[in-house]
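One structure coming up, written as structure tokens, with questions to follow.
As written, the chain order gives the labels A, B, C and D, with residue 1 at the start of each chain.
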Amino acid sequence: MTLRFLTAGESHGPALIATLDGLPSGLKVDLDSINADLARRQSGSGAGPRMKMEQDRAVILGGLMGGHTTGAPLAMMIENRDHAHWKGISVDPFTIPRPGHADLTGAVKFGYSDLRPALERASARETATRVAVGSVCRQLLANFGIEVGGYVTSIGSVEANLQSIPLQERISIARKSDTGCPDPSASQAMQTLIRETTLAKDTLGGIIEAVAIGLPVGLGSFTQWDKRLEARIGAAILSIQAIKGVEIGPAFENTRHPGTSVQDAIHVENSQLIRPSNRCGGIEGGISNGLPVIVRAAMKPIATTLTPQSSVNLATGEGIDTRYERSDFCPVPRAVVVVESMLAFVLADALLEKLGGDSLSEMRPRYENLKKMRLGD
Amino acid sequence: MTLRFLTAGESHGPALIATLDGLPSGLKVDLDSINADLARRQSGSGAGPRMKMEQDRAVILGGLMGGHTTGAPLAMMIENRDHAHWKGISVDPFTIPRPGHADLTGAVKFGYSDLRPALERASARETATRVAVGSVCRQLLANFGIEVGGYVTSIGSVEANLQSIPLQERISIARKSDTGCPDPSASQAMQTLIRETTLAKDTLGGIIEAVAIGLPVGLGSFTQWDKRLEARIGAAILSIQAIKGVEIGPAFENTRHPGTSVQDAIHVENSQLIRPSNRCGGIEGGISNGLPVIVRAAMKPIATTLTPQSSVNLATGEGIDTRYERSDFCPVPRAVVVVESMLAFVLADALLEKLGGDSLSEMRPRYENLKKMRLGD
Amino acid sequence: MTLRFLTAGESHGPALIATLDGLPSGLKVDLDSINADLARRQSGSGAGPRMKMEQDRAVILGGLMGGHTTGAPLAMMIENRDHAHWKGISVDPFTIPRPGHADLTGAVKFGYSDLRPALERASARETATRVAVGSVCRQLLANFGIEVGGYVTSIGSVEANLQSIPLQERISIARKSDTGCPDPSASQAMQTLIRETTLAKDTLGGIIEAVAIGLPVGLGSFTQWDKRLEARIGAAILSIQAIKGVEIGPAFENTRHPGTSVQDAIHVENSQLIRPSNRCGGIEGGISNGLPVIVRAAMKPIATTLTPQSSVNLATGEGIDTRYERSDFCPVPRAVVVVESMLAFVLADALLEKLGGDSLSEMRPRYENLKKMRLGD
Amino acid sequence: MTLRFLTAGESHGPALIATLDGLPSGLKVDLDSINADLARRQSGSGAGPRMKMEQDRAVILGGLMGGHTTGAPLAMMIENRDHAHWKGISVDPFTIPRPGHADLTGAVKFGYSDLRPALERASARETATRVAVGSVCRQLLANFGIEVGGYVTSIGSVEANLQSIPLQERISIARKSDTGCPDPSASQAMQTLIRETTLAKDTLGGIIEAVAIGLPVGLGSFTQWDKRLEARIGAAILSIQAIKGVEIGPAFENTRHPGTSVQDAIHVENSQLIRPSNRCGGIEGGISNGLPVIVRAAMKPIATTLTPQSSVNLATGEGIDTRYERSDFCPVPRAVVVVESMLAFVLADALLEKLGGDSLSEMRPRYENLKKMRLGD
């Protein structure tokens, strides 16, 4: 792996930290864009009251000089603004694990008697650092004309109909939508569903699509199992809290059709190889084929519900209902930017691998000279 | 990663090689089991004529003494029995890429003018080495009472109904079935569909479920993005040729339901924590929770079809139809063991991480002392 | 690798950051010890004026609750106290590379026209984060009775005579010495040499020995090239700024003697295997043998000298002498703790690998049950 | 890491295997060169009788088509020709560990009662695979005008005087010398010493220098600890059996001199930056500076001696002398090619990182455009 990152920090600790190692020098990093992406993670239908308190801002502690990367690792800090409120306050031990969370598995794995450390680190709060990392990767990709975006295709049982909307439009409409869904009528139905579900003290999940447009051919490889682009994307997406399924293009849907109807024919037009369809989600044989990479992520409904669920008090051994911890009702709209971010990270890594190089100025001519889907190349 | 492997070799080269590094010493390796797993990869409905020629046998070149591992890397070779027929024979360059394969992307990435190297290495022939690796991992897991199995849940539009069949039974029925599907009536419908599709010169995909039963709590972690068990399983499964989607439990289905109906309640019975359901697929917060891990993989229909597809002759630039390369019609039954194998690899790796240790005898008492889902632990 | 860390930050940036991932839960982290180690990096004979300005203090931003690790990554920040003085001040571009530094290679590699980014990140200032990381690793090792220490064995041409001083004593004497050298008369000669060399506007290097006492047998492995303990220690030590040579035990000296005189005989005493000598530096066949691990590191004289050296002004192309950048005269005494830290990191990593486990309480009984150098084990 | 390899196999097993993953496509691999390098590992003064039996030949099982790499992993097999003699023959358990070997540490680590598995895998026989790997890396480097060579600088107490012999000449003279030492009078003294030591039933070690000529500037990095070229070279060299010390340039010698006398001044001549000396061994700030990289490796005397050494019979608990296992008397001349090989591997990896790219034809123009040590670049 050329690009790598580690995150650290807890939900109510002083700060979250991300260190992104492996960037080339000469990349102009726009802090406002990072903060705008962080804001996207904090707004949208279905957010709980928690979200109102934080206004995430990234502070860059290393790796930049004069606003440009130097090749050194980028260190970003996001302060937890309500840490001040919690500091020093003693909190009762948390001993009733919530089904679907890391509470119980974390306790058994790490030997916690108070489950708080599991909540604090396993929480989706950590995704703020992913967004900061992904935002920088996105800026790197943008230098090569590659755009990464995303949108919501379903929430609960409400599915969008996006057939007629081009990818780029889906992205731009979604950015302005509270649900993140580019289909206006579905979006309205989603909002109704979210409202009703919230009143019913229940929660919702859904499906997010992230896409990358403008990729070169040749990222990833079939030569060794762990180099396949699907594998690398899959790991990154499934590493996101509450994401439990992923497909490249409509992979599950494709299984229901015969082979001849799910392949993407190859046509020639003016010495250019054209693919009229994209059922493969932009990847063939583990390698990007120049079509948009389309990744679909299944996000489970939030496990923390206002409606109590059966659990146990680990301190006493009694069966008992879960208590409510402040949480979202529907995290799907806010998670779009997280899925985009992890996709951007994988693609930036794969692009750096393909181009090599230690500076943007070294990478640019190499990029220009990449083989294309043209006869003669 | 504690356990790692590399594979090498081409479909029509002299042999395939797998090197599996990181096994503890003292593991009895049963070559017959490996060969039985290799045989499973070669039989089942929908196999093409190619399959008849090979009878894969693993030869162990390193890492074993007296039938037991020594802690040294295990090297396994599977000879390509028809290599003799091909050796020295000159073959016309292959210049018409098949949609859905690595032919075109491989050519652009690696600069091939003859596309054969892409076919040779990207082909599912390579999965034989994965099966050998997975078979050894499975033998390691078996020492700790962990069983990994799998079955087919759908082929094309035919879906099995498995609700009433316990996991272990699904596995054992599937082993005796030509389709790998434990639901007898669905299995029959699948066979009919395969026959019809073959006659129609078309191909089929489907969905495979792999499960691991008897896992301890605590494999994987939420502490860093790349340690989550879902991420690691996802990468391994999506690294398999033709697998383009993966979910842990019924993740895509879960997105359509409200939170309260897709969680797995925690009950107490005789100081034991019981989970009456398993919608989470055995993983909570990135960590195994002791329930069976259930992984669903979407396999696309074979891209090589007897029905020609639109393509181009890269040597001449003319639009032209694909020519048929010997291939399967429905690879799904044969891929079950491959999916199982990659799951077994990830779980063996995670178990070694949890237990540490350099020999089975060092690992065993550690395993006995692991915390369980019991009050007081 | 079980344990991993990334550092970030520049010498005159706001802060240095280290993220240490892979610690077990339940480790009490003593911040005072970390700060004491940081102080050791800042004091000793031969320090330049720069050292007076900083008083490094680590702040922990993540991974601790109630003073104990949780299994989550530990994030540590060390603020650069004089950053305030530099912030916003415009500095002339630095264009005259200093021989022996990263100035010129960094410029060519990353395309800098102003060489400051190379100075900022390549500088030994970064070793403060290594010390913080190593200090935590040392605390982990201490839980298993393993002590890591170090001392200076030579500065310039002055060599200590340590034959008669036991290892543990060498460490404790060195801690109280300005030169870090446990031989009092050599220490005095070193101080004289440092004083003279400073007056002569020159600089000094030397040799540091780091030792680990109380290690179990069995860390590292011969089974694969990159697992040998020598290799892992070698990489860690040679990753330290200005360290260009490393040996395990007196390896270069050993090459001059016949085989029979440099082996460590095996004796039996009361069912215990005893090794009367330790010419192998505590490692045989890539694996720790229970004797103290002894690592010797060659540190080159500081490249920045008050005496000007021939260089070139890259902006103008003129040959020109180097200008002085504030620097040490003899960094050797202050580097002892850095060498110790990197050794502690590798050994903590190898110990975690051997023991596995997610918490100290899981690791402890496993440690007790490790095989020893006893007959019957 | 872009390039990676795993080896497998035991000294008396059927074969040794190396899998080298990450090569670009289009590299012509010359099997004769590999075999010539393998032969160099088998000849030279001081070899024991064992060497006469084997004539190592590499067989390539994967990764080549038409004699050129395809981008797929290269699998190489070296058969153990005397395996046939050993197969099926029952051998008494080996229970008397030899000091200096992996016998005892391996037994404690892996729980062997018969120590043979340690001998079999820890033995220097494994270095044959390193040589095969290194030979291919060397061929890759040669495409970019980079030459890797080596020679012996000392054996026992006999040191060569090489000051007046240019690097390239040292390499070519050494290739024709039985001792691998380019200084004829030292070489003669070495031969005498080897003869005498063999008669005295003792063994010898020595120092090997490996050099790489023609490297571009910019391999390795100071931006993260594990990227420094010294660290990566150090790990590779110290991973070689019996190598216990390594230095970049004369690092230990440099510690004895003041800073001004061990730096390499920068001069300008015709817009070219010139370095009249190379005390830094070709690396500054963790990055190659275009001068030859010079690596010195300390090889300990062979631990297996005809003269018995004190040990213990682990089966009985009795103190007992070691028994002789067939071995070399002085492995130093034969190890030159092993040290070269590991250096070639690291440099090929670092070059691939710098250039990126999936084929030689993609890499070549990138190489031409690298910045050089020229003003204006």
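We adopt the following convention: a residue touches a chain if its C-beta (ideal position, glycine included) is under 8 Å from a C-beta of that chain, and two chains touch if they have at least 3 such contacts.
Because the structure is a prediction, the values reported are computed rather than measured.
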item	value
Length of the shortest touching-chain route, subunit A through to subunit C	1
Identity of the chain that, by mean CA position, is farthest from subunit C	B
B-C or B-D - the one linked by more C-beta pairs in contact	B-D
Distance from subunit D to subunit C - Cα centre to Cα centre, in angstrom	26
Geometric centre distance via CA averages, subunit D-subunit B, whole Å	38
Length of the line joining the C-alpha centres of subunit B and subunit C, rounded to whole Å	44
Numbers and ranges of subunit A residues touching at least 2 other chains	6-7, 21, 71-73, 109, 111, 121, 218, 221, 223-224, 358, 362, 371
Complex interface listing, subunit B residues touching subunit C	2, 21, 71-73, 218, 221, 223-224, 352-358, 362, 365-366, 369, 371
Subunit A to subunit C touching residues, read off their complex	4, 6-10, 13-17, 19, 21, 24-26, 59, 61-63, 65, 70-75, 77, 109-112, 116-117, 120-121, 358-359, 361-362
Footprint of subunit D on subunit C - complex, ascending	6-7, 97, 99-106, 108-109, 111, 118, 121-122, 130, 154, 156-157, 197, 200, 202-207, 217-218, 221-226, 228, 230-241, 243-249, 251-252, 254-260, 262-268, 271, 273, 275, 280-281, 283-289, 296, 298-305, 307, 309-312, 314, 317-319, 371-373, 375, 377
